[in-house]
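Each structure below is given as C-alpha cells.
Here come two complexes built around subunit A, the first alongside subunit B, the second alongside subunit C.
And then the complex of A and B:
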C-alpha cells in the first residue's frame, strides 16, 4: 500500500512538470516578457531601460527554456522556466507580477471558496440521494416516468438561467438575500445562501438521474433478490441493503472532487462577486499575471492528482476485494 | 459571390461524412439494427424532428455570399458588397433590416424609452414614440392590436395546418406505394403508432413546429414578436442566427477531437508498453489542468494574436469565424481526454478476445486488426459520447461567452444575448425578452438533443439492452 502511494507520488512529478511546461508555452507563445513588462508598468511609451529593470527584478531577463550561453546543466537550469517552476514544487508560490505574495493571497481566498463549495456539495448530495431513492422506490410507475422527465428538463436548462433566475427571484422580487458580494465572519452567511441554493438546484437534474441509475443497477443484483426472498419489506431492502451497497460507487465518486473544492468554482464566484480562488484565477488571467495563473494551474493539478490517489485508496477501504499493487 | 468560412467548410465536410456513412450502413444489417431501435422510440423521433428543424436553419445559415450590387456604369463589371450574408439572411430580410431605435417589448407598438416629440402645434412633449415597423399598420394600436394579433395568428395557424396536412398526405401516399399497402391501412397503422418508424410522433411534432413557424413568420411581418434589443435589432432574428453558432460548437468540437481520441485511445490500449505510458502521460497531464483555465488562457492568447494581426482579415465576420473555430479547437483539446481513456480501457479488454487472438495468430497486420476488428467494436462508444457531448457543449458555449472567453462579441450567440441582457435586469420595467428568447431556443435544442441521445444510448449500449 505505502509502496503504491510512493510510486504514485513519484509518477506525479513528470505530470506536474508537463503541466508547468504547457502553461508556460501557452502563456508565452504570444506574450513576450517585454509585453508583460509594458502592461505591468502601465504605459505604452516606457523606455527600454525601464522594461529591462522590470524584467531583471522579476526574473524574466534570462532565456526562456534553453540557455545556450551557460555551462553544463546550467543550459537548462539558468532559464526563466526553471527558475520560475522549481520553487512551485516546494509550494513556494513567490510574488505575483504586481508584487503581491501569492501564497498569502491563496490562504486568504481559500475560505470563501470552501464556504460555498462544501455546503453546495453536502446539501447537493443529500438532496440528490433523497430524490434518487424516491424515484427508485417507485420504479416503473408514473412517478418514475415523470421524475425522469423532470430531471431531463432540469438538466436541459443552462446554469446561467439558474443563476439569473435565482438572483431575480430571491433578491429582486422577494428581497431575501443580497444579489452579490461577500463579507467576513457570520455576516457572510446571507451572501452564501444564494450561491449555495443555486448550486444545489442546478445540480438536481443530472444528480438525481445519476443516482437513480446507480440504485436501479444495484436493485437488479442477486443479493437484493435474496433479501426479498427472505421476505424483507421493500423499504428494508431499499434503505438497508441497496443504499449501503450503492454507497461504494457513490463515495468514490465524491472523493475525487473533494480536493478540487479548494479551487472554488470559477463561474459561480465570478457571478456572485465572491473573493475566492476562482475569481482570483479569472482576475489573474484577465490581468495577464503569469505568476498567478501558473500557481493556480499548479495547485489545481496537484489537487487533481491527490483526488485520483484518494479515490484509489478509498476503493480499498470500502471494498476489501480491491488490492493495490 | 460565394464566401467560404472555415467553419462552413468543416460543416459541409461533416454533412458529407454523415451521408457517406448512411450510404455505407444501409446495406449492412448489424449497423442498421440499433438505428431501427431508435426509430421505434416515439420520443426520439419527435426530438429528431426538432433537431432537424434546427439543423436546416443552421445549414441555410452556413452558405455565405457577398450580394452583388448594381453593375458599375463605366465598365459593366459587377461589384460585390462588403457585407457578408447567408442564404438564411436573405430569407428573413424583413427581420434583418427592420430595426428600431432601441429596446421595445414583444408585440409593442411603442418604444421602451420616452423621447421628446414635437407636436403639430409646435409644443414639445415627452412621450413613448411609435415604432417605425412594429405594429405600424395600425392607426390606434391600443384598441386594434389584440384583435389583429389573434386574427393574423389564427390565419397563419390555419395555413400551417394546411401545409402540414399536405405533407402528411404525401407521406402516406409515398409509404403506401413503397409498401404496396392500401392508403387506409397505412393511415390506420400510423395513427395507432404501430409502424416500425414512429411516424405518428414525428408528424405531431412536425405539425406543432409548422403551426409555430407559420404563426411566427406571419406575425413577424407586422410586429417584433420577441421585441428588439439595445440597438433596435430584432431579438427573434438574433436568436435564429445563434442557432448556427450553437450547432457549430456542438458538432465541430467533436469532429476535431475524435480522430485524436480514437487514434491515441486505440493505440494505447492495443500496443500497451511505452506507447501506452506516453499516451497516458499525455492525457493525464492535459486533464489535470482545470478546463476553464486552459480555455481562458487559450482564448486570451488568440485575442492578443487577433489584435496584433488585425489587418490580415478582410472582414469582422471572418475574424469572428476564426475565433469560433479556435474555440472549437480548444474545447476539443480539453474534452478528448475522457473519450480517449474510455477507448483505451475498452481496447485493453477487446485485444484479449478470441477473434483478435485468432487474427494475431494468423499473422494479420496490426493496422488491419485495429481498423477491421477493434475500431468497429468501439464505434458505438464514440457515437454515444459524441451525442452526449453535444448538449453539454451547447450549454458550455453560453457560459463561456458570458464570462467573455467564448465566441466573438460581434457574433450572434445565445451566450452573447444573455450577456448583453443581464445588465438590463435592474431596469424598470424589466427587459426580459432577450433572456426569454435565448432560454426558449437553447432549452428546446438541448432538451431535444438530450432526449435523442438517451434513446440512442439505450439502443447502442449492449449492456443496457440486456437489462431490459
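And then the complex of A and C:
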C-alpha cells in the first residue's frame, strides 16, 4: 500500500503543475500585470513609472512563461510563471499582491471555515442518514412517496434562498440568533448556529435521496433476504447489516470532501460574515490578487488529491477484500 | 421547594428576562459608550503613505493627524488647523531667491514656501515601537528570533511607550512618499511640486537596491531639498511655482506624521511574516487608535489615552443650530470611548442589523430603498412611516463627485472642435435624459449636472445662472431639458437628419463602452440604446470588463463611455483639470478621459489653477464652464446624492464629504440604545414549539405504520 501511496503522490506533481499552469493562463488571459498593478495602486493619479516600479518590486516585469532573452534553463526559470509557482511546491505561498503573508492568513482563516464546515458535515450526515434510513424503512409506502417528493422540492431550492430565508426567519423575525458575524472561542457558538442549520437543511434534499438510494440498493441484496429469513427484525437488518454494508459508497462521498472542508464555503461565509478561506478566495478574485488566487487554487488541488487518496485508503479499511496495488 | 424551582424555571425562560439572543456583541458591552458600525470592503492599506480610498480613510483618518483638517460644520468646506498652531504661512519666492509680495503675479513666483508650526506637547498613542527601558533604550528595536516567535499580534508586546510629536516626523513622512518601494499613489503629483522630491526618490532607490528586501532604511539620513525642519515644532515645505491647492493636501493622511521608530520597529525580521507591518498597525496622535485589527472580521478603534484634546466646534449655520448640531459646542472630544466596525459584505444582513439596532448608522442599498424612503409630491425624499416610528433620521448631501458620459475627442465622428461634431454632441446631450436615469436607476439619488463643477465647490452656480443653456431652459423656476425638436434640429445641422448620415445615406452607428453585463447593467444599457434611438442613432454596446475598458481608454479607442470623478479636495481645479488638454488620457496617461482639447479652455485653466478663490478666478471659471458646455465633451451626467440613516441615539452627524476624521464628533446614548434594542429584539419562542410539535405529529403516522408492519404476518 505504501508503494501505491508514493506512486499516487508522484502522480500528483504533474497534475499540480498542470493546474498551476492552467490557473496562470486563465488569470492572465483576463488580467495583465499592468491591470494587477493598477488594481493595487488605484486608478487615480497613477503614473506609468509607478506601475513599472510596482511590477518590478513584485516580480511581474519578467516575461510570462518563456524568456527568450535568457540563456539555457533560464528561458523557462527566469519567468513570472516559474518564479511565482516553484515556491508553492514547498507550500511557501509568499505574499499577496497587497503585501500580506498568505501562509499566515490561511493559517488564521482556516479555523472559521472549519468551525462551520465540520459541524455542518457531521450533523448533515447524521440527519441525512437518519432520514435516508427512515424513508428506506418505509419504502413503497406513502411516507416514502412524500419523503422523496419533499426531498426533490428541497434540493430544487437555491442555497441562497435557504441563507436569506434562514436569516429572515430565525434572526429577523424570531430574533433567535444573530443574522451574521463571528467571534472566537465559545462566543462563536451563537454565530455558528444559523449557518450550520442552513447548511444542514439545504443539504437534506440531496443527501437523503442519495442515502435512500444506497440503502435501497443494499436492501435488495441476498444477504439482507437471508438476514430476514433468519427472523431478524427490520431495525436489526437495517442498522446492523444494511448500514454497515452501505458504508463503502458513503465513504466515497464523505472522505473525499474532508480535506476540502478547509477551503470553506464561498457564499455562506460571505453572507454570514465569517472570515474563512471561502471569503478569502472571493476577495482575492475580486481584487485581482493573483498571488491569493494561485495559492488557493493550488491548495484546493492538493487537498482534493489528498481527499481522493484518503478515499482509496478508506476502502481498504472498511472492505478487507479491497487491496491497493 | 418544588414550586419555587418551577417558578424560577418559568421566569428564567420567559422572553422578558432573556438576554437578546440575536445580539452579535457581548452582553457586557450593552451599556458602554461604543459606536457600532460596519464596513463592506476590507481595507487594502492602513499606511498613510499608500491609503487613498474612503474605506481606508474611515480608519486611518481617526488615527493619523495631518497638520490641517476641514471644519466639521462650516460650508463651503473650510480648512482649519489640526495639529498646526495656525494655518500655514505661505511665502512666495522669486527665481532670484527674493521674497515676493502676496499679490505677486503667478509668473514671477518660482517657489512657494509653506511654513507650518505644530502644537507642542502632542503625544503619540502608546506603541511598542516607542517603548524604552530606564536606560532610555528602545525595548523592541532589536528583537531576537525567540521574541519574534512569541509574538502573533502587536498587542503581544507587553510594553508600550510614547513620545512627543515633532516637526521631523512630518518631514519623515514626506520622505516616505518619495520612497518608490512604498508606492505612494501621489508620488507622481508631489514630484511635480515638492523641490528635490524626484532626486530623493532616485537616491532612496539606489540605497534600497544595496539592502536586503524589507531592511530598514533610515530616511533621516537623506536630505529632501524642499523640506526643512526649522526646529522641534516648525517645518517648511518648498513647492515649485504657486500651488494654492497644496494646502488641501495638508489635510490628507499622506501628510500625517510618522515617527522613524515605527519604520525601524516594523522592519525587523520575522514581523512581516506575521503581517505585523506599518501597513496594518498604524501609529498616530489622533483621538483613536486601532485596538483590534482584524480586517476580515472586525476593526475596533479605542480612545487614545494620550490624545492632546480637541473641542467640538462652536461655529455653524442656523440650520446646524436648529437641529442641535451645536449643542455640544466647546465640549471636549471624542465623545465615544470606542467604535466597533464589523465586516458586512452583503447588504441584506447589514440592513437588518441596522433595523435591529445593532448598527448605529447605515447607508441605503437599492433593495431596501423603498422600505426606507418615500418621495413626497414635491419630489423630496422623506422617511417611510416604519423608519420614522423607530426614530431614525435621514441625512442627505450632494456628493462632491460627478458621473459623466464622455465623448472621445479623438474619434473622427464624435471628436474635435468642428461645428459638425459639436452639434452632434449637443444633440445627444439633450436626448439622453439623465433626470430619467436618476429616477429609474438611482432611486432619485442624484442631481442632474449642469457642468463639471458639483454643488458646494467654488465656481458652482445655483438656480437659473447655473443651468447649461445648451441643454436646459429655465421654466417655472427649475431647469427643464430642451424640447426634443431642438436635438433633432441640431442633429440635422450636424449632417445626420433623423440619425442618417448625409454622406453615406446610412444610419449613424455609435459605440458605447460598457463595463459589466449583469441584469442591472442590461436594463441600463437598454435604456441607453433607447435614448440614442430617439434620435435615430444606432448605439452598439461593447460590453467589457473594467481592465479592458481601462486599456481602451488609455489607447483612446473608445467612443462613448460612462465614468466618474470624486473630489480630492474642494477646489474647482480638481474638476476642471479633467478637461485640460495636456492631461489627455490617451496622449499623456492623464485624467482627461475624453481627451478634450481646446486651446482657449487650456489657456484659461493655466491662469485659473494657481489663483486663490476671488472674483477674478470665478470669472475665469465661468468662462471655462461656458466653453466646456458649448463644446460638450461630456454629457454632464449627474452628481450623486448620498443618503444615510442614523438611529435616534446617535447625535452630531452632519454629512461632511471632505472630512474623514469625523468619528470624534459623534455622540451616542448607550442607555437609549439598550432600551430600544431590548424592545425590538425580544426572542419569539413559539415557532420552536410549533416546529417541535409538527415534527412530533408527523412521526405519528410513521409509528402507526411501523406497528402495523411489526404486527403483520409474513404471508
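Criterion: the second predicted complex is superposed on the first by the 322 of 325 C-alpha atoms of A that agree within 3 Å, B and C clash if a C-alpha of one lies under 4 Å from a C-alpha of the other, contacts with A are read in each partner's own complex, and residues count from 1 in each chain.
In this section, a residue touches a chain if its C-beta (ideal position, glycine included) is under 8 Å from a C-beta of that chain, and two chains touch if they have at least 3 such contacts.
No experiment lies behind these values; they were computed from the predicted model shown.
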Q. Putting subunit B and subunit C on the same copy of subunit A, do they fit or clash?
A. clash
**Q.** Which superposed partner A:295 touches (first subunit B, second subunit C, both, neither)
**A.** neither
Q: Mind telling me which of the two, subunit B or subunit C, contacts the most residues of subunit A?
A: C
Q: Using the touch definition from the top, say if A:79 reaches subunit B (first), subunit C (second), both or neither.
A: neither
Q) So, does A:270 touch the first partner subunit B, the second partner subunit C, both, or neither? A) both
**Q.** Touching partner for A:164 - first (subunit B), second (subunit C), both, neither
**A.** both
Q: Could you tell me if A:105 is touching subunit B, subunit C, both of them or neither one (first, second, both, neither)?
A: second
Q: With the two complexes superposed on chain A, say which partner A:14 touches: subunit B (first), subunit C (second), both, or neither.
A: first
Q: Report for A:172: first if it touches subunit B alone, second if subunit C alone, otherwise both or neither.
A: both
**Q.** Which of subunit B and subunit C A:47 touches, first, second, both or neither
**A.** second
Q.
When the complexes are fitted on the C-alpha atoms of A, one of 206-214, 404-412, 440-448 or 458-466 in subunit B overlaps subunit C. Which is it?
A. 404-412
Q. What part of subunit A is shared between its subunit B contacts and its subunit C contacts?
A. 30-31, 35, 164, 167, 172, 270, 288
Q | Of all residues in subunit A, those that touch subunit C in their complex | A | 30-32, 35, 38, 40-50, 53-54, 57, 98-101, 103-105, 108-109, 134, 137-138, 141, 143, 164, 167, 169, 171-182, 187, 190-191, 233-234, 270-273, 275, 279-280, 283, 287-288
Q) Which of the residues in subunit C come into contact with subunit A in the complex? A) 20-24, 26, 42, 44-45, 52-53, 180-181, 183, 185-189, 272-275, 277, 279-280, 294, 296-297, 342-346, 348-349, 352-353, 355-356, 358, 545, 547, 550-551, 568, 589, 591, 681-685, 687-688, 701-702, 705-706, 709-710
Q) Which bits of subunit B are touching subunit A when the two form their complex? A) 281, 284-290, 292-294, 296-298, 300-301, 304-305, 308, 391, 395, 398-399, 402-403, 414-415, 418, 422, 425, 435, 439, 442-443, 446-447, 450-451, 454, 467
Q | Of all residues in subunit A, those that touch subunit B in their complex | A | 14-15, 18-19, 22-23, 26-27, 29-31, 35, 152-153, 155-161, 164, 167-168, 172, 220, 260, 263, 266-267, 270, 281-282, 285-286, 288, 293, 296-297, 300-301, 304-305
